[in-house]
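A, B, C, D and E label the chains in the order they appear, each numbered from 1.
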Amino acid sequence: MSVSNLLENWSDFRHKHPVEDVPHDPYKWAMSIDLDACTGCNACSVACYAENNLPVVGKERYAHGQAMHWMRIERYWPEDDREFPDQGAQFLPMMCQQCEAAPCETVCPVGATNHTPDGLNSQIYNRCIGSRYCSANCPFKVRYFNWYDYPTTENVWPAEMTQQLNPDITVRGKGVMEKCTFCIQRIRVGQRNVKNEGRVLRDGEVQTACQQVCPTNAITFGNLIDTESKVHQQWKAQRVELAVDEQTKDTEEGGSDLRGYRILEELRPYPSVMYMERVRESAI
Amino acid sequence: MSKRHLLAIFSNFHEAEAAVKELRNSSIKGFDANQDLIVKSPIEHPEVEEFLGNKPVYVQWFTLCGALTGGLLAFFLISGSQANFFDQVKGGKPVVPFPPNFVLTYEMFILGGVYISILGFLICAGLPARRSPLYSSKVSEDQIGILVKTDEESAGVLKGIFTKHEALEIQEEAGK
Amino acid sequence: MIDNNFDRRDFLKVLGWGGAAVALSGCGNTSIEDGKETVVSYVHAADYVIPGISVYFNSTCAQCEAGCSISGRVREGRVLKLEGNPDSVINHGKMCGLGQAGVQHHYNPDRVREPLLRSGDKGEVITWEKAYALIAEKLNGVSGDQIDFLTGTVSGHLKVLLGNYLDSLSSKNHFVYEAVSPAVQRAANLKSYGMEMPRFNINKAKVVVSFGADFLGAWVSPVHFSQQYAEFRKGVDGQRGVLVQVESKMTLTGANADRWLVVRPGTEGILALGVVNALGAAGLQLPADVAAAVKDYDKERVSKDTGVSTEHLTKLAALLKERTPSLVLLGSAAEGYAHGSENAAAINLLNHVLGNVGKTVEASAAVPYPQIAPATGNSAGLRMVNNRLADGQSKVLFTYGTNPVFTAPAELKFKENMAKAGFKVAFAHYLDETALQADLVLPLNSALEDWGTIVAEYQPDGVQIGVQQPLMEKLHPNTLGMGDILLALIKQRRAEEYKSFDDFYSYLRTALLKNKSEFAAAGTDDDVYWNDLLSGGIINVGGASNKLAGKYSANIQLPAPAERDQNYPLTLIPSVTASLRDGRNANQPWLQESPDPLTTIVWDSWVEIHPKKAAELGIVEGDIVEVSSKNGSIKAQAYLFPGIHPDAVSIPLGNGHDAMGRYAKGFGVNAFQILSRVFDNETGELAMHETQVKLSKTGKRIIVVKEEGPVGGSQQGRKIAVTVSSDQVDLSEEV
Amino acid sequence: MHRFIRFSILLMGLFAASSSYSAEAHLAPLTTADDLGPAIEQPIEFPHFRHAKDMQINCMYCHTYARRSSVAGIPPIQKCIGCHQSIESVRESPRIKKLFEYWEANKAIPWKKVHDLPDFVRFNHERHIKRFVFQQNRPVQEVCGACHGDVKEMTVARRQKPLSMGWCISCHEKEHVVTTAGAMPAGDETYKASPMGPIAAGGMPVGDQAYWYSMKKPAVDAAGVVVAKGPNDCSSCHY
Amino acid sequence: MKDIREDIAWAKINTDVLKSLESPRKLFWVIIISALTVFGIGVACELYQYNMGLGVANLDNPHVWGLYIATFIFWIGMSHSGTLLSAILHLMHADWRKPIYRFAEAMTTFSLMTAGLFVMVHLGRLWQFYYAVPYPNERWIWPNFQSPLLWDAMAIFTYLSSSILFLYVGMIPDLAICRDNIHTGWRKKLYTLLSLGWEGTDRQWRNFRVTYLTIACFLIPLAVSVHSIVASDFAMSQQPGWHVTSFPPYFVAGALYSGCAAIITLFIILRYVFKFEEYMTLAILKKVVRLTFAIAMVWTYLNLIEYATVWYSHDEVSKAVLIQKATGTYAPFWWMMNFCGSIVPLIMAFKRFQTNIPVMMVVSLLLNMGMWLERWMIVSPTFSHGYYPWTWDHDQWPSWVQWGVVFGSFGWFTFLFMVFCKIFPSVSMYEVKEMVYHRSLASKKLEVAGMQESGKGAH
């Protein structure tokens, strides 16, 4: 009976996540992006289009801010008053940060976006009714809404081009919110394969499309729990912790030689993507 | 023993009041002022209660029960479904989070209260009902009606009282 | 493992699979539609074909000339995605955006599907037999000297076959034209290093000074260099590499530099010599002739000429002296002037002076079979064809892999001259501008349907021959591979010699099997070898090791910076972007929709203007400005861009097509059109940066379609993309 | 007064009952029992009963992809011909004749899909077959029949199960016994070094995602027996 | 100034009000036709949007919400006036509310229904809206009870159904009057059915009084909760400019404000269209105007407090949004909103304007526009200028589709409202009778002048 279930497991249901006593296990997917290696070449973004069936919306819709790039490359200029940006531009690949305490999840009226056991912020397209509250509440604005029915929109996928679509993932119709999934289709295939073998995924067995393509290996993706994984080691080396909103770098003396940070951490969404600061030579 | 219904229409509220008072003080056979006297009026006259004697109203009990049930229902329905819905882990919040549940509980508290009050009103006021044959549309306009039920033989006495108090009209209907 | 009847292409056939159909069913009510969809199974099936499981076939990317090896993900007979082949020494499993868009080249809805014969303004669909007969007829009675073949870069067995065909026509007129190519550099490198394209080891350098070489974006082999760059940044012994970029318009590489030095357009050579001078002043031992040659290039003068401050010059010299080895790269921005060759020589001199030759500049391996080495393109090829056409020397013109009508400056009047040829055949994937001018358009297989071998010009490690193989069944039944067409044509001439080859595939197989003994263990079966070869997708040939032979020359005559023409006060820099290059891929929507990394503009062309200059001219973002050179004018939206010299404006190349299909036609403007006819003094290459222009407002203003918001690239003080100074962090402690 | 109190107690009881009923609605049967799909006309009326019942052919003899791929697949005609070439007795039957027509024309047979899942659902045959046939040694026909019904009694296959989400979940919610004994792949040093604890033979790592929502790690008893449920977050099947 | 005559014959009240059901002025039909036309345009826009996708509304990333949500809040806000007049003033024994509370309640109901439409219109997948309804389906999936949108849905449902019941219960005695006086046609059946056999017996009145009072008591916290829940759609989110603790009271004040302004507008229209000059007297208008003025000042205070909080707290991000509102693309609208919301109501402070019908008509329309702009200025600027500068977008402008639907909603509301007034008595007859009765009693019994205007005790 539900009430007895409720009472019996009351303390469990009042648990909070993320907390120490209910960790993700055995997977917690996370990323780290080395901004010093990122050159802003856009290969990841195109890979995302190819892998995730993203529609090309065309100039008109792009102008209206209806682009669907799950992974966008942002370019910033130094903000002081120099005549030229003589230390170059800053590039930042931005996609869903897969927050542990995601602001988008709580507000969805139908529960179409929620937290998976492996630490992803999932988006269930067929549950989505298109209220767009999640996007309204996303501080990073990395959720993209299908403003039109792209599968039937002219020149988005002409007959021949439909053959390129990835059958492992849905093509979203109008009125559905979507966003970076950390290439969940690849993760799920990987997980099933290793389950058959009776083991867990090793580092590198599942790559996201953007990671796979990145010419400078700026993107590292992996299982944060697995101490062998590169992403774990990077997070550890940078002393960035998942469920903390102020990292060693900012709080402790001598932390300034660390590069790892997370964007808008002060809002406490606990993002799963760690960025590493871009470095610029001081001698020149 | 057969009963007779009488409806007297008054245009003057004070005359009607006086008539009622007289009826209540009289001891007519087969007529009990507490049960057999109904005052019909176009507006709500709180004074009527004074001279008809206080009669209890139970609607507020309905309200209380309704509101409590609504609130309880909401809390248990929502918490229960959160506990059973397999992917309610959201945004770093507990599976059964209090603040949203309280908001919904509050709303359902009101909803239950209002609905059950209305239900209570209908039950207590005896609505919906067929209109009694002794009814005048004047009552809904500007006149006071006094409906009495009495033994056949006492009808004349009552009529006398009504006429004394300048009843405009007296309708009669033979009871069973 | 595969029996003789087995036709590999059977398994590349598109299999209609229910699972795949999910893709396009709408997002309405979920429905169960038993018995509505069809599930088609194969008639035959190979063991490795499992519905629902992807098979990866290796091939070679044909989107640019870098020759990256790709791995195509094929499922149910359809190629879905291109990934990198990890075994390739060029790209090590990585890809760029341009390469990935190869599937859109393949599935492009605007491909030519049938042979087309011009009849009036229209193309009439004809059969291949008729097309071949027509070619035979037109070639009849035309002497070999009157037949011209204008192609883009070709290499591998296609080049061999093309050579043989020209041979059979007794024509020597194979012109290779690439609108954007490091042609001046090749000549300069040949002098300085003894080879056109040595190896540049960015990863071994501690300092890289690049004079306009956009090696992360569009220069030579970007994916390879990007990987090297990543290593370079991690550094040798944890000492992070320092990148200094010298150019007048910021490229993607410039945007990643530790120090971006903006120079007055055309003064790169002066700066290079200035650095040599400063190095001497800083105590570096300079050869006497060099010291003499650079003695006039003192800091003050160089600073005055180039606009680079003496402070930065000093710091740069100090850095180069202190951290060795370093690497100086020479790119298109330095080459594109009338004195481009001198600029190049001066920049290469810097490598010699710094002792980088042999360390970070290394000899590349020679291709063991010279006949398959790439025929690299330049603009001289176009000039020669153009002259021949203008003079009426050319009667029959074949074009393949290049779009001269689009890329030739209007002043060359190529389009008009082309009309003078009696018969023009275009081998084309799309009806591009050149194909539209042709009399006969022969539809080609896409790069993902075709057989071939590709040898890249830039070879980082030995020589890698990329094998190109079909990843799926032909999309359109009436297209043919370039090799197949050439073979058919050559059979018109030398039927006997080629009769054993049914198609290009058998030609290729025979040719590659011929050298089996060199690459396979003795006694390997032909089929086994062949299958290994196809599954590997690459043949790594050691290549004879070359030696760097060239020597620097201290005799460099650099002109003083030119006075500006008052009427045309600005230098036009036609920029080559990583995705659109010279425009041959402009009809691939992913490329159009990926924002330009620096301006974030999509689906259009723009004019980059320095904010200071713009303020002077009263131009704001979105103004439609007219950019006029002496040879014409184009109108495009203005974009205020801090990364450009105030005396220069820049327009990206690649857009502005008036043909080539729905994704290319009508977007942007074609900056090739207004380039001036100025050529490099030594090589005769078109000097791309020598066009002087003026700007005028047209009074119209539009909203620029771009990714960045109204505050441009400002973070508004929020901690989003953070930079840290290198002395604060120690990269060697990192993972 | 009393009747009002009595009435309200009744009312509250009613509400409480209905609330707790609706909140635990999942305990009620999740869907209607077998709902039969439409009869489907196929290009060749394939007699499943003959193959599966009379001949006792293993399902996965023909539907061989099921154990290797997410889709079970229809065998290539090659496979049908492989046997039927040497079965002279039925060679002249109309169905076989049709089969040979397709074979000779080198044409694929346009079979109609019978078991069509609702859109946006990913079902993986391989995982289910591996789990139940290979790891738990259940009979093939039982395992396949769990979703495909009693195919051996059919001619042209027909959908027998609802294939709705509630129906799927009703199975995923069941607790399946998994044993960890001998689960560690021998000699897999990488794995031993992994911090994630032992793996059950069913391929279920202890502390697997399936437990996350119940917020409790399942206990492994001395014999290495764990009780595990199927994965049950939305994104397991919808993405 | 003339108020309702105390000696007005009760029968005349009946006839006058019942006449409004039969023969309104011609303007009524003009209003009905224009409302239907506007509504038709709205429907056409919505159909187009439904077929094409929400992109045609010119919504984009980051402007995922636009006029729809702003107008939704506007309509929700509008609904609060009914509750104010019928519930709050009822509890305060302000008898002047009696002739006008009926239409205010109808306004509550219909504006809530209109608001509900916007929830639908705004959905990307309207055809799946039932996913947000909590029902135990076979997949045992529930809506997300944590979402403020769901609280909204629940609150609005509660409010709408309670308001309808309240309106209905309060109308029963009047329906009985209609039943007694109209003897033909479908109306007779309708009134007979709806009046539930009301006879005005003492038992009925007794229970009626308690019920009415109880529901009024429930409605007040409900109304407050509804708009504070709407406020929490914003305040519970993280976005700068929304994440403000003073939002709930601010929203409630804004709601009462716009509701009162709408009451003035409708008061003037009904007064003319249904010839209610004798009942909707200028004395009542004066009271409503004064009430509105008071609320306007409360709103102004809260509005300024909100700015001050943002400014003083030194939350740079929220401050940036505020500065953007005042100086950026939205500046004209923002200043107009402040002007209409805080300056225009000052006219109401002048006695001679308080009863000047044309002036009040204009003022009330301006106030309504100001309050609509207020909602827009809450919704859109935050999207234009949120946390993430890269996604800022100051150029977004709603398309004609969005405007069409917004205007269409006004047509829909007007249509429903006018039809209601035509079918049901929009002046509460029995309560007007009560009012004159009590007033005459008071003036007869007590000669104390101050007590005559006991209605003023309301404020």
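Simple rule for what comes next: a contact is a pair of C-beta atoms (placed from the backbone, for glycine too) under 8 Å apart; a residue touches a chain by one contact, two chains touch by 3 or more.
Note that the structure is predicted; figures quoted are calculated from it, not measured.
Engineer: By mean C-alpha position, what chain is farthest away from chain D?
Structural biologist: B
Engineer: Which of the two pairs, A-C or C-D, is linked by more C-beta contacts?
Structural biologist: A-C
Engineer: Which chain would you call central, comparing Cα centres to the global Cα centre?
Structural biologist: Centre-most chain by C-alpha means: A.
Engineer: Among the chains, which has its CA centre at the largest distance from chain A's?
Structural biologist: B
Engineer: So how far apart, in whole Å, are chain C and chain D when each is placed at the average of its C-alpha atoms?
Structural biologist: Using C-alpha averages as centres, the distance is 51 Å.
Engineer: Indicate the whole-number Å distance between the mean C-alpha point of chain A and the mean C-alpha point of chain B.
Structural biologist: So the centroids are 62 Å from each other.
Engineer: Taking each chain's centre as its mean C-alpha position, how far apart are chain A and chain D in Å?
Structural biologist: Measuring from centre to centre gives 31 Å for this pair.
Engineer: Two or more other chains in contact with one residue: find those residues in chain D.
Structural biologist: 20, 22-24, 26, 118-120, 164, 212-213, 215, 233-234
Engineer: Would you please write down the residue numbers of chain B that are in contact with two or more other chains?
Structural biologist: 76-77, 80-85, 87-91, 93, 95
Engineer: Check each residue of chain E and list the ones that touch at least two other chains.
Structural biologist: In chain E, residues 125, 128, 136, 140-142, 144, 146-148, 150, 387-388, 390-391, 393 touch at least two other chains, as defined above.
Engineer: So in the complex, which bits of chain D are touching chain A?
Structural biologist: Those residues of chain D that touch chain A are 20, 23-24, 118-120, 122, 124, 126-127, 130-131, 183-185, 188, 190-191, 193-197, 199-205, 207-217, 233-236, 238-239.
Engineer: Given the complex with chain E, which residues does chain C contribute to the contact?
Structural biologist: Within the complex, chain C contacts chain E at residues 27-29, 703, 708-711, 714-718, 720.
Engineer: Okay, in this complex, where on chain A does chain E touch?
Structural biologist: 61, 64-67, 72, 74, 76, 94, 103, 106-111, 127-133, 135-137, 139-141, 143-149, 174-177, 264, 267
Engineer: Please give the residue numbers of chain C that touch chain A in the complex, ascending.
Structural biologist: 14, 17, 19-20, 22-24, 26-28, 30, 75-76, 78-84, 91, 93-97, 100-101, 103-104, 107-109, 216-217, 222-223, 226-227, 229-230, 233-234, 240, 242, 244-245, 250, 252-262, 312, 315-316, 319, 475, 578-579, 589-595, 597-598, 600, 602-604, 612, 642-643, 662-663, 667, 703, 705, 707-708, 712-715, 717-731, 733-735
Engineer: In the complex of these two chains, what residues of chain A are touching chain D?
Structural biologist: 1-3, 5, 9, 12-13, 15, 22, 24-27, 114, 116-118, 120, 122, 124-127, 168-170, 181, 184-185, 188, 192, 194-200, 202, 225-228
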